[in-house]
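The first chain written gets the first letter, and so on, giving A, B, C, D and E; residue counts start at 1 in each chain.
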């Protein structure tokens, strides 16, 4: 229900490419309306003005990769009534979580001139590994229609329509011809959560998992199928090691195919 | 086939180049023509401007989890099996706005969305898909509270069916008694005949409007040889089904199979991605999505295709009724082949094979069902 | 004593007990009456009897330091209360408090225990009947634990 | 469920302060507020959190005895190690992986990486593919420039905190700006599938190419955008520009016929003229302790300046006629050495991008095939393109299976970093008389001249994981 | 096919689209327990009242939030007012609780099969309710008590979680004293000051005063509770074709077109929610059906 007081919004950035918070600025049609119904209280990418917290809604982008950020996220949580993570970095560690699979000892010879000046955690981890998250919006990047949907749902006190089912359902609703059945592509759609608009298949490309694992993903069966159709384990492993490599289901499957 | 002369017109024969005149007539009657056409490496349904848009020289090769568009050397228009699309896309669209509402003071008002439903003529409809249409009719039209938007779209439909003489690798309409011969629900049925350089169509009207349209096609009377040829080709098609399914006692057998170990095995392969339900021409399940704008002034209700393979599908407060993959696959298959019979007096499966072709990992409904039937004697009790 | 025999004879709990055994049981029975608020027994006390409630209403309670008495079950007319007398160390685990005027037949467990030791047939008969009651209570308790009405499903 | 630590909520007021404090790079160059207080005896300007830039950075200027002694751009955006984890990936994954370096200029990353791969494989794409790529890239220029001009940079000139505040007094302008930005985005959307991290580009071409009709759907909005860009050039020319000029060496790509965007030779205002693949022979990078981004310099010559001003000064004659005319009307011509005027140049480039895009659409014939065949082989490939912020250089070494052995990526912001600091140094020196609050704001503005893309800049660190046991 | 239990099925005013909600205004909000409340609604449109049969439900829409199925809890003989009693557990029901007098709701219905109104009229009726399950039974109680001259005894066995969560306490008292309802209430847990029964509702069945050879049983509550209740009722000797239960499933359309509420061969929305037990007894033990 709209109330007289506009809820206060804050946007926070951790390790990320900025694309997800940029999605908010990319809502060209809605941006001014958003500003009418929500007080944009703390959004450094857009404004130098900062309104003090606490914030009714915090959008958190990026993963935790430094000791400092591991502390900062707790402060953000304390300042936020409702905390929504946006994007693959924040919900699964992002592309930078690829480091989580590396052997740190192999990294040491590559360390550059003054490594002691930089403190980085071994792993890039999602926000929910550190603090309680009220809602996670998936995607690398998030879909801006879904972002507006989450904001609308928040403002109207309803559950956002961001179904956890497969990309396939979204894909077939659009009438897109399946690239897996039809072109034998190594499509991650059947194990990936919908939300992007089943974009890749509509461009005759296989899904590469930007939205992370769907609910109850059967990654094992999909890999088996690929494997029986000649795909090498190294390639299967790489397929799951994308922008949601550290999401549980993808991580497990890639590790199983790593040998 | 038992001809029904009262409705059906006399069989006639016409040249392939005169198929164009059919298109002309349909356009004259303000129909938008929907039919098979090649797009994105598949024979899909799309709007056809002329017969040039038909997939002449194209066919398909289908098997579990695989569909390949292929060239063939013959000049036929309709030499292929079911593609990824079905009439469902048009009659029960994947996403429909049912109404919009806007707030005023304490209250709000609701405005019904006027459903657009132009006159659609479907060309090249196979028997399997016509049976699927009949099933959708039962679901959406036959009950005490029919779906008005479906009924509206349905009422403006014209069906130019084609007898199927090119069943695919995953077809089993013969088992389901839904093909390959078109036997009901059409306005005009065509059989395309091509052998030894002779290429022609045999047509027959199945309704009043079909007769009117047929009359506009340059034609000659079909000879008894022509009709025999049709019969032979259909009989031949019956023997070339890529799959089969034993439907005798199927419902009872499946009702006894709820605890069959096969479900568990299938669940290990099943991706619960929902592809089978999406491509199925009869799967009608749908969900409602209530959306709002940012200001909270406008709201909309959308109806979208849904799938029983999601956990949300059976969610009630406290959790999902069907949380295991096993229970979801079981729900789908038993619904198609057993409970559907109790609900609508027919199987929910027409044997088009789409669920087999488009399952990303090639799970085969006929194979799963056979496995259950085969070992059912040892299985545990279920519903009587 | 004579007045109790017909009562006990008809009670479902003792129905079909042999005349001989019934006499043994009757020999251990006496009438009791509790005013509201009176305790039939208290947690920790020696458990030497059980009750066949004739009328009234008894709350079985457990006392918690912070919540005070919490009722976990109520027992009413026709029901059997108490089986701690059967199981060593023969101590009550709960409090039993009369909620209203409650009349019951108290059966001397100590006496019955002795008789059961001597006569295994009687012991078996009684054990069978009590195990049935225990099973029912256990099932009901499990349902209670499910917190059915709170969470749905 | 909340972890216990969150349940012990501290008073909100303290949190705020804590939260505003930026993430610091590390121990030795950590600038805490205490330290800043101590330095007040001298004087220092510090902006802990640079707003309206992409990514996270701060700046610090130290003044002692009326002399600016130090100016630093602190980039505390956490390093993400792209070059490290590109090792072992397949060549065709580079466009999508490197796109994730930056959400604002993903197309630039995709184009540079694709150029590098195609350079390695000796692929020449057909003309219409190249044209589609230019169109896609122009979409990014339009989107990124519109964002920077109106949402990030203009508020400084108007003394406002942000574009939303601007919308109050300049409503129609902000609405038009958003419309312009949207047009850039819709080009990317149509050709690439989505605005951020498009999915349709690949080594060799595209996954799917569009029909003429689909492309033509862009025409009417683009025509509007072209007209509005002329207005935008005029509008920006009316802003007040601080009197500040520096003797920069500008570096940009140069193409014989085009205002270079996709390819060309690297040239500079001081006579540099090399093949892009010789980049590493002429440019070096060094690590500075206060930043997570490497500083790039020209060997023996030091700092240089890439981006719109560089392109404008080096390639002015290749701008479309309309852009040249608009520049003339706005009284700006090369050489322009006032970095604050980059806002005008962006508007001019936007006009050029709209004009060129219309031309591409008008002459578009769909290619016979969406992508050329490619042959995977070992070798080294180089790619350099003009991101909205300046040249973006990629180099890859592949093995015979197309697996990446080494990757090097030099984004524009890291190349401009030294110049930015130098600007600060001189700008502050020149404006010491300004009240501190105003000077601070001006310093921020001076940094925003460069449209710094900090997320890009930081990925650049070579592998620098420090073993740090997680608690 | 479908249920044999009687009553109106899928009734809707002629000429209106069953997918389009009718507007109702909140007339009164009554907080029943900590999380359960009753809304009294009045039609906004021209209306001769809201006719329904006991056991039927409506799809209730809160503007901008969503729609949920909720059984009707009012008196079928007072069609001018529509009552819904529900617990605030999801987004929609929580939004419902925030509604105040004058706020507007969308209503689609009434839908579904009712309790066997005619079959019970000359018989003894034993009603077993658990928790919020009393709400769908309340219209039936009203109905039965209104015909008490023509009928046998009505026994209500009602289990709630705690004494604070007993619904309709005031009415229970009234029904008991004025209309002769024999009501027995039990709670799962209570403090020492509670004078009533403690224990699950099934424990009331063995001693409840009804004649198993005559009585019809109506049961509503969580599925587990209904399973055990049917077991106890069967022990007492009521045959399964005289036991009725009311089921809950996910519903989106309410009229059998969306598929969500499938329960074996049934659609709970149109073949139920009220089922005669023998119709579903083979389904009940099946898991995840």
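Keep this in mind: a contact is a pair of C-beta atoms (placed from the backbone, for glycine too) under 8 Å apart; a residue touches a chain by one contact, two chains touch by 3 or more.
Since the model is a prediction, treat every value here as computed from it, not as a measurement.
Participant: Using the contact definition given at the top, which chains are in touch with both chain A and chain D?
Facilitator: Chains in contact with chain A as well as chain D: not a single one.
Participant: Taking a step as a move to a touching chain, how many steps at least join chain B to chain D?
Facilitator: So the least number of steps between the two chains is 2.
Participant: Please identify which chain has its centre, taken as the mean of its CA atoms, farthest from the centre of chain C.
Facilitator: So the farthest one, by centre of C-alpha atoms, is D.
Participant: Return the chain label for which the distance between chain Cα mean and whole-protein Cα mean is smallest.
Facilitator: Closest chain centre to the overall C-alpha centroid: A.
Participant: Distance-wise, how many Å sit between the C-alpha centres of chain A and chain E, to the nearest whole number?
Facilitator: Chain centroid spacing, chain A to chain E, equals 43 Å.
Participant: Nearest whole angstrom, what separates the Cα centre of chain B from the Cα centre of chain C?
Facilitator: 67
Participant: Distance between chain D and chain E based on Cα centroids, please, to the nearest Å.
Facilitator: 64
Participant: Counting only Cα atoms for the centres, state how far chain C is from chain D in Å.
Facilitator: Comparing mean C-alpha positions, chain D is 83 Å from chain C.
Participant: Can you list the chain C residues in contact with two or more other chains?
Facilitator: Residues 152-153 of chain C touch two or more partner chains.
Participant: Could you list which residues of chain D touch at least two other chains?
Facilitator: There are none in chain D.
Participant: Please output the residue numbers of chain A that touch at least 2 other chains, ranges allowed.
Facilitator: 1, 156, 158, 204
Participant: In their complex, what parts of chain D are in touch with chain A?
Facilitator: Checking each residue of chain D against chain A gives 1-3, 5-6, 9-10, 12-13, 15-16, 18-20, 23-29, 49-56, 77-82, 84-85, 89-90, 93, 96-97, 100-104, 106, 147, 151, 155, 161-165, 167, 174-175, 178-179, 181-182, 185, 193-197, 199-200, 202, 206-208, 287, 289, 292, 370, 444, 455, 461-470.
Participant: Applying the document's contact rule, which stretches of chain A touch chain D when the two form their complex?
Facilitator: These residues of chain A touch chain D: 13-23, 25-26, 28-29, 31-32, 35, 40, 44-50, 52-54, 65-70, 72, 74-79, 94-96, 98-99, 102, 104, 107-108, 110-124, 131-132, 140-141, 143-144, 196, 199-200, 202-205, 208, 210, 235, 238, 242-243.
Participant: Chain A touches which residues of chain B in the complex?
Facilitator: Touching chain A from chain B are residues 39-42, 44, 65-69, 84-85, 89, 94-95, 268-275, 278-279, 289-296, 304-307, 309-312, 325, 357-362.
Participant: Where on chain E is chain A touching in the complex?
Facilitator: Per the touch definition, chain E meets chain A at residues 64-66, 90-92, 94-95, 98.
Participant: Chain B touches which residues of chain E in the complex?
Facilitator: 1, 9-10, 12, 17-21, 23, 25, 44, 61, 63-67, 89-90, 102-104, 106, 248-250, 252-253, 255-260, 262, 264-265, 267, 270, 282-283, 286-289
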